[in-house]
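Below are two complexes that have chain A in common, paired first with chain B and then with chain C.
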Partner chain A sequence: MSYRHIVAAGTLAAASVIAAFALGSAAAQDSEGGPAPEAGAWSQSRTAWGDPDFQGVWRYEADIPLERPSQLEGRELLTDEEVAQREEIEADQQAKRLEGFEGGAVGRLSIAESPIRGNEYNSFWQDHGRPRQVYKQTSLIVDPRDGQIPYTPDARKAAARSTARYGVGPFESYLDPDTGERCLTDGVTAMMWQGPNGGHNQFVQSPGFVTILHEEFRDRRVIPVDGRAHGNIRQWFGDAVGHWEGDTLVVDTTNFLDRTNYEWASIWTRPSETLHLVERFTRISADMMDYQITIEDPTTFSGAWTAVIPISRLADDTQIYEYACHEGNYAMPNLLSGARADAAKKSASPR
Partner chain B sequence: MRTNLAILLAGLGIAIAAVPVSGHHAFAAEFDANNPIKMSGTVTKMEWINPHTWIHIDVKQPDGSVEPWMIEGGPPNALYRRGFTRDSLPVGIEILVEGFRAKDGSRRGNGTDLTFPDGSKLFLGSSGTGAPR
Partner chain C sequence: MRTGSRSAKIVTAVAAAVVIAVVWSGCAPPPAAPTEPYRAPRTAGGAPDLNGIWQSLNTANYDIQAHAARPALALAPAPPRTGAPGLDRATPIALPAPQVRALGAVGGVPAGEGVVEGDEIPYLPAAAAIKKENAEHWLERDPEIKCFMPGVPRATYMPYPFQILQGTDTILMVYEFAGTTRTIHMNDVVDSPSETWMGLSRGHWDGDTLVVDVTDFNDQTWFDRAGNFHSNALHVVERYTPVSPHHLMYEATIEDPNVFSRPWTISMPLYRRFEEDKQILEYKCVEFVEEAMYGHLGLIDPGTGQANK
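And now, the complex of A and B:
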């Protein structure tokens, strides 16, 4: 599948979803809507027992921010010219990395200049994969249409507090770093499209089950698709049950267990006990999956919100690696001793 | 160039870091951005652990003594996918490390840059450096 086709497919999916929300219809959930399939066009393959086959390793490789940047306020889609400009930048940055340029030469800012804390690691340590794919969508969030998370007033304050404490502390105990820093999990909400140290997701299917193995933290979800109802046990990843609607896998998850007991760096990923997720996985080509997630949680949000996320299938020989990790390893003592050093400095300095 | 590109990216509304900050240890909590380090040392060990690798080096002091240092690197899985194997930094090889020292003043640091004695960078000219497949 060519780059242009990927862009076109993403645009089609985004546009159809935006149109569906605008009309208040659920038509976008199905993959019809597009032009009639051409002869020899891709069609959904099936497992031996007849389910749509999603097996393989998938990863989010797009450049779309979750929330719409303020510069693009009021605009749901980029123009063709803007897409072309961004593609040029992505290709240029990728070429520079391959030539051995790093740091500012590929657009990464220095520590002093970086507006985002936690972004201080030099790009040569990172897995860049392929150039990021450019889409017309200006935010992953398509509903509400302003592309912003609809926090409740209290949750908005909590989000500001968690942003302020990220990387700053307090770090009084090993329980203060969040569950991601402790190598446990970043939660299920963003699992499909995040994971800076391993955003790969392997889909494995067997009769009655779809299993997703996420590389980072070795997170895994075993999703029954055998028609069972929700159980009543609360779990960190909630209780997921799936079913097929046509060729779309619909997964409904409730019964989350909130053991975060602090404000996460990304508070919208918090698995509050009132959280309800509905995810829709639709394979739209050999290489692309349309992933939609609708998040409802009266504790954190004033209404439901939906993100439409393009996920790419990686080459057949792509492997998931082990992610053995224990309490951040050296990161934990470094965090705690760093906080002690900061405290000592503060108490030693004259008031 | 850096400024221009940053302005261009900001103007286009491109997030400089596309991946939203999620639950990962923040640089600022562990390392001191006001305490940059630059040192040459001999690799004695590489720990392939998550969430970050650690390179152990011996750094010779002017008086002839040797100080052991630990330098934090990238995630093992990301390094491996970029073609970095355990042969990339064999024990005994000398490297120039630039980075930032741990806040607690211990001989640990984050490695922002890593150069071989001939001036070549870690990934320059190696195969499998993340090329499009």
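And now, the complex of A and C:
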């Protein structure tokens, strides 16, 4: 029996162990990288009406890939030595970024597995501004225990197709670039942990609502927490309803539109009518939030999967800036005219 | 007696009319006891409570000035009828432009009294010419058609609801159209590093009134579908005043020395949408306008399935 099989046997137990670990790890380091605050120094701050107060701007700043890289197969945690090594690399990269060195980019997966080919141009989109936080966790996905997205066979093919097309084409019309390039969205599933490129999330709370304003694509969720039931209108971002379980905000989202016939940079972020999200937001210190998301969609996945994600709070004066993507989408006409020029060149050149 | 009876009836009718008139005028615009102004309830944090979903009910998005009804936003003169004695006309008849003709009555423009104080927009002469040109080229130029962010104050009186969400140091205005959100900073905030579509909004309370000072605009947004426009020197001061549990009075003073000779003001009531569980829904219009904006630019036009020439 291989190690993987042993791992699979204890999936649920392990998920909670990893979750607990992620909480502990996040709490033990503050965002400046300085000493951890005194135990008990922080207590849950509350709104004037008594809910836990999440207000402020939050961002995913960890270095944990969504899926476990193949070289770490079978390992849920890094060793202390590996963590120290990664911290050194992060510090080194940060220094290079500050010097204006291009190419120190990090994509959404990892440096080696960035979906963006030829990182040089794209690296400025990916500037974290400060070193990423290194964690022992080897993948955001804790369930299934192999740390991999449990695609159905068809979805696995669709994912491979979309990876092969991303940044390559063909681009015959405006329907062919991915939803991000069309300035629509990269999907609600990844909104909380999208990282440096417009990955800021501003939380604003008012009685009966928690609102999350995401910078990129100005994605927005106004989540009722007033006990109402789900409605019956399908939307890109579905129909979210929240409630408090102790100090944890639990958000259940259904009623997504089917947008599986659009191109997605990462198909695991696409909405379909069978998509169902359950998210748990818990503030665990002044600077850290534990975010867990369970994603279920028989259209794309063979089973539910769960990611455990540390989210950092940014300085009080952090602003969400206006994201006018479609308003300035010069890339779209240029991409289409480039494709036409290419086609014209091909048909003109002798075979 | 008959005469007396008739005049009695007239008196009664007049009295009834007066009563009806008094009652009627008491209903509009938003009621306020003449002596004691309405005082809004307070949030848990002690600020006037403007939380809720609001919407204007007027035709200002068509034209902020008073306007008669007309057949379409885009009109084209009918070609002159010549050579048929008795059918030639002194002035051409304006008909819906070919691009909007099929919409029929749905494409018509409802009349409106306008929302501009004094009904005059004090354009500088060169700017007045641009406004006229904008109106003539509405189909090509109105940013609303392209699903661009609508700017301020236009976002307030588009035919979509918006929600006010009062956080601790931040008030959000959540608009349905184009998924636009404005952050009203109630604390100090540095100037925007670049021009913006929706402006940088700084808010404060003046009694029960939320006053929002908006700067750092670009020159890309319009005030309405009639071509009223501004430059990047636009400065808007908005006032949201609760006048009943279900009404806000909205006022915006508009200043732009590149375009207008003096500041001018618009005002209108905003009405609470109090349907149970009412929400701001998505109106992600980018995918609604791509065919019009880009269909003709690719190798293939998805709208026709044919190769573009």
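Keep this in mind: the second predicted complex is superposed on the first by the 272 of 351 C-alpha atoms of A that agree within 3 Å, B and C clash if a C-alpha of one lies under 4 Å from a C-alpha of the other, contacts with A are read in each partner's own complex, and residues count from 1 in each chain.
Here is the rule we use: a contact is a pair of C-beta atoms (placed from the backbone, for glycine too) under 8 Å apart; a residue touches a chain by one contact, two chains touch by 3 or more.
If you're wondering where the values come from, they're calculated on a predicted model, not measured in any experiment.
Residue contacts after overlaying the shared chain place A:167 against chain B, while chain C stays out of touching range. Applying the stated contact rule after C-alpha superposition, one finds that A:237 touches chain C and leaves chain B untouched. Look at A:177: by the touch rule set out above, it reaches chain B but stays clear of chain C. When the shared chain is aligned, chain C comes close enough to touch A:49, but chain B does not. Once chain A of one complex is fitted onto chain A of the other, the partner contacts of A:209 are limited to chain C, with no touch recorded for chain B. Once chain A of one complex is fitted onto chain A of the other, the partner contacts of A:247 are absent, as it touches neither chain B nor chain C.
In the superposed model, A:287 makes contact with neither chain B nor chain C. Judged by the number of chain A residues each one touches, B leads among chain B and chain C.
In the superposition on chain A, A:324 makes contact with both chain B and chain C. Once chain A of one complex is fitted onto chain A of the other, the partner contacts of A:337 extend to both chain B and chain C. Within chain A, the residues touched by chain B in the first complex and by chain C in the second are 171, 183, 321, 324, 337, 339-340. Interface residues of chain A, counted against chain B in their complex, comprise 63, 65-66, 69-72, 82, 85-86, 89, 94, 97-100, 102-105, 107-122, 124-132, 138, 166-169, 171, 177-181, 183, 186, 190, 194, 196-198, 215, 264-266, 269, 314-315, 321, 323-325, 328-331, 334-335, 337-342.
Against chain C, in their complex, chain A makes its touches with residues 47-49, 53, 55, 171-176, 182-185, 202, 204-207, 209, 211, 213, 218-220, 222, 224, 228, 231, 233, 235-237, 317, 319-322, 324, 326-327, 332-333, 336-337, 339-340, 343. If you check the complex, the residues on chain C that touch chain A are 43-45, 51, 147-149, 163, 165-170, 172, 174, 179-181, 183, 189-190, 192-193, 196-198, 220, 277, 279-282, 284, 286-287, 290-291, 293-295, 297-302, 308.
If you check the complex, the residues on chain B that touch chain A are 1-2, 5-6, 8-31, 33, 49-52, 54, 70, 72-82, 100, 102-106, 108, 110-114, 121-125, 129-133.
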